[in-house]
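Since the structure comes first, as C-alpha cells, the remarks are kept for the end.
When the chains are written out, they are named A, B, C and D in that same order, and each has its own residue count from 1.
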Amino acid sequence: MPKQRAPIRMPRSRTEAFSDGVFAIAATLLVVEVHVPDVHQPGLAGTLAHALREEWPSYAAYAVSFAVIGIMWVNHHATFDRVARVDRALLFLNLLLLGVVAFIPFPTAVLATYLRYGVDADSRTAAVFYSLVMLAAAFAFVLCWSYLGRHQDLLREDVEPHAARVALRRSWVGVAVYVVTIPVALLNPYLALATYAGLALFFVFAERPARDADD
Amino acid sequence: MPKQRAPIRMPRSRTEAFSDGVFAIAATLLVVEVHVPDVHQPGLAGTLAHALREEWPSYAAYAVSFAVIGIMWVNHHATFDRVARVDRALLFLNLLLLGVVAFIPFPTAVLATYLRYGVDADSRTAAVFYSLVMLAAAFAFVLCWSYLGRHQDLLREDVEPHAARVALRRSWVGVAVYVVTIPVALLNPYLALATYAGLALFFVFAERPARDADD
Amino acid sequence: MPKQRAPIRMPRSRTEAFSDGVFAIAATLLVVEVHVPDVHQPGLAGTLAHALREEWPSYAAYAVSFAVIGIMWVNHHATFDRVARVDRALLFLNLLLLGVVAFIPFPTAVLATYLRYGVDADSRTAAVFYSLVMLAAAFAFVLCWSYLGRHQDLLREDVEPHAARVALRRSWVGVAVYVVTIPVALLNPYLALATYAGLALFFVFAERPARDADD
Amino acid sequence: MPKQRAPIRMPRSRTEAFSDGVFAIAATLLVVEVHVPDVHQPGLAGTLAHALREEWPSYAAYAVSFAVIGIMWVNHHATFDRVARVDRALLFLNLLLLGVVAFIPFPTAVLATYLRYGVDADSRTAAVFYSLVMLAAAFAFVLCWSYLGRHQDLLREDVEPHAARVALRRSWVGVAVYVVTIPVALLNPYLALATYAGLALFFVFAERPARDADD
C-alpha cells in the first residue's frame, strides 16, 4: 500500500498547480522591470524613439529570461511527470527551485540596467550575477533529481531505473553550462547575453536527441 | 497509438493552465502602470479631481489592452481547443506568443504616458510602438496556425481539414489589421487609440459570421 | 442538443480558472501600493514606528479592498455555479467585470494616499472615485444577471426560473448600496471608508437569509 | 444527504485554486521589493559588486519570507485536505488568512530596508512589525482550526475526532513561537532574522514526529 503510507498528503496535481503559478507569475513580472523612458524629464534630451532604442538591453534581457523561465517550466513538468507521489523532502526541494525561479526578475533587471553603460566592471558584475542565479536554478534541478534517484519509490512505476540517472546527468550539464558562462561574463557581458540567448535557442531547437534518449 | 508516440509528455491541460496564468497576470498587471497622481508634490497645482481627469489616457489604454488581452485569451482557447496533443515545437511557439502577450503592459504604459502630451513626434512613436507589439502578437498566432496546418496530426480528429486553413487566414487578417494601424498612429495617436478600441469592440460584437464559418 | 449548438466552445471551467486568476492577482497586487516609509530621506523626521502608524489608511484600504475582491469572488462563483454553458456575450460580460475588478488596486491606492491629508476636497474626491469603481463592478454583475435572465438556456437545468430574477434584484441592491456611499464620501471620506468596511462585514456576517432565499 | 444541505456551493477545489493563486503570487511578488542598486546615481560611489553585497538583507528577507509563505502553503493544504465541504464562515476565515499572507511582501520590504542601517530603534521596529504580521498569520490558522473543531461535520469522515484538537494545538504553537520572536526583535533585529530563518529550517527538517502524530 505505497500510497497510504505517504507521509504527507500533498497530491502531485496541487504541487504542479502551485509551481505553474510561480513560473507563470515570475515570467510575467519580468515586464515590470522594463521602465517607460521619461524624455520630458528636465535634463534629458532626445526623442522617445531614441530612448526606446536605447532600452534594447531591457528587451533582450526580458526575452532571454522569459525563454529561460519557459524552458525551466518545461523541464519542471518533465520532472514531475515522472513523479508518482510527493514527499516532504521533494516538496521543499521544489520550493527551493521555485524560490530561485521567482528571484530571476531581479538579476534580469540588474543585467538590463548595467548593459546600458557599456563594458565596464559593473556590467561584468551584472552578467556574473545573472550567471550565478541561473547556476543556482540549474543546481536546484540537480538536487531534485539526486533525491529522486535515491528515492525511486517516488517515481512512477513505468519510469525505467536508469531514467533518474540520465535526468541527473542532464541536470549537471545545465550546471556546467552556466559555470562556463561566468568567464564569458567576465570577458564581455554582451557576449554573455548572446550566450544565454544561444543556450535557450539551442535547447528549443537542437535538444531532440538527448530528449529522446530518456523518453 | 498516436498518444504514445507523443515526443513530449506535456498534456494540453497543463499548457492551458500555464497560458491562462500568463494571460490573467498580464491583464491584471496593467493596473500597476496607472499611477496615483501626487497633487501635494511641490511645483504641482490643481485638485485631485483635475489630476484624475488628466489621466484619462491611462484609463483608456488600460481598458483597450485589457480587452485585447481578453480577446487574445479567447482566441488562444479557440486555438488549443482544436489541439489534441502538444509537441515540442508547438510548446515553444506558444511560449513565443505568451512572451509577447506578457510584454503588452510595457507598450500600454508608454502609450498612456505620451498621449498626455498631445500630438507630437513622441506620442506618434508611442502609438507605432503599441501597434508593432500587437502586430507581433498577431504574427505569433499566424506561426501557431501555420505550424498546426502543416502538422494536422496534432489536431483533434473531429477538426475538419480546412479549419486550419480558415484559422490561418483569419490570423493573417489580424496581422493586416495591425499593419493598417501604423499609418493611423503616424497620423494621429489619439485616432490610433480609438482604432484599437474600435477593433476590440468589432471583435466582441460583430465577428459572429466569421466565427460561425469555421465552427 | 443544446451543447452542440454552443456558438463558442469555451468551457465553464476554463472561464472560472481565468477569472479565479484575475481575482487572486488583483487581491494580491493590492500590497504593491503599500509603500515602505523612508524615514532616512532628507527632510523627513520621526521614527519608523511613527511612520508605520501614519500609514494606517493604506492598511485599512488594503483590508477593505481585499475583503471586497474576496466577496466579489464568492459572488462570481455563485453566479457561474448556475451557468451550464458560456456563450460569447457572457464571456465578454465576464471580461468586463474582470476588467473592473483588476482596476480596483488603483482607486484603493488613490484613497489610501489622500486619506493621509485629512478631510479636504481631494480626499473627498478619492472616496467618490473609489465608490464609482465599486459601483461599476456592482453594475457589471447586473449586466451579467440581466443577460442570464434573458438567456435562461445558459443556466443549469436545476436552476429555478425565478433564481435569475432574485439574483438580478440582489445585484441592483449592490449598485444602490454603492450609490449611497457617494454622498457619504462627499460628507466625510473617513466615514466612507468605515462604510465600505461595514458593508463588507455585513455581507460576511449578516447576509444569510437573503442567500438562503435563492439557494 | 449532508452535501445537499451545504449552505454555499463553493467546492473545496475552487477554494484551493484561489488560495494556491494567492500563495503563489504573494511569494513571487516578494522579488518586486528587491531593488536594482543605481551606482551611477550622482552622490553614490562604489561598484555594483559592492552595492549588490550591501543588499544582503533584501536577499535574506526574500529567502525567509519565500520559505515562510511556502510552509504556510503546505500547512494550508494539510488543513483543507481534511475538509470535506466549505461553508460560508470557513470561506471567510480562509479569506482572512489569505489577506494576511498577501500582505507579507510589505513587512518583508520594511525589514529588508531597515536592516541596512544597523541596530537602531527603526530596525528593531521593522523586526517587531515583521513578527506581528507572522503572528497574525499564525493566529488566522488558529481561527480556522478552532472553527473546524467546533464544526466537525465540515471535516472528512475519515478524519479522527482528535485530529482537529491536535491541529489547533499546533496552530497555537505557531502563535507562541512568533510571540517569542518579539523580544528577540527588540534585542537585535539581525538575531530576529536568523530566528525566522531557523524556524523555517526547523519546520522543513525537524518536524516529522509532530507531523506523524496527527497523520
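We take it that a residue touches a chain if its C-beta (ideal position, glycine included) is under 8 Å from a C-beta of that chain, and two chains touch if they have at least 3 such contacts.
None of these values were measured; they are calculated from a predicted model.
Each step here moves to a touching chain, and the least such steps from subunit A to subunit C number 2.
To fit its Cα atoms onto subunit C, subunit B must turn through 90 degrees, a value rounded to the nearest 5.
When every chain is reduced to the mean of its CA atoms, the largest separation from subunit A belongs to C.
At the interface between subunit A and subunit D, two copies of one sequence, fewer than half of the residue numbers in use appear on both sides, so the contact is built from largely different positions.
Chain geometry summary: the mean Cα position of subunit C and that of subunit D are 25 Å apart.
Residue positions of subunit B touching 2 or more other chains: 17, 21, 25, 29, 32. In terms of inter-chain touching, the protein chains here make up one closed cycle, each touching precisely two others. Pairs of chains in mutual contact: A-B, A-D, B-C, C-D. Per the touch definition, subunit D reaches subunit C in the complex via residues 7-10, 14, 17-18, 21-22, 25-26, 29, 32-33, 88, 91-92, 95, 98-99, 102-106, 109-110, 113-114, 117, 121-122, 125-126, 129. Here subunit B touches subunit C in the complex through residues 16-17, 20-21, 23-25, 27-32, 34, 36-40, 47-49, 52, 62-63, 66-67, 70, 73-74, 77-78, 81, 204, 208, 211-212, 215, going by the rule given at the top.
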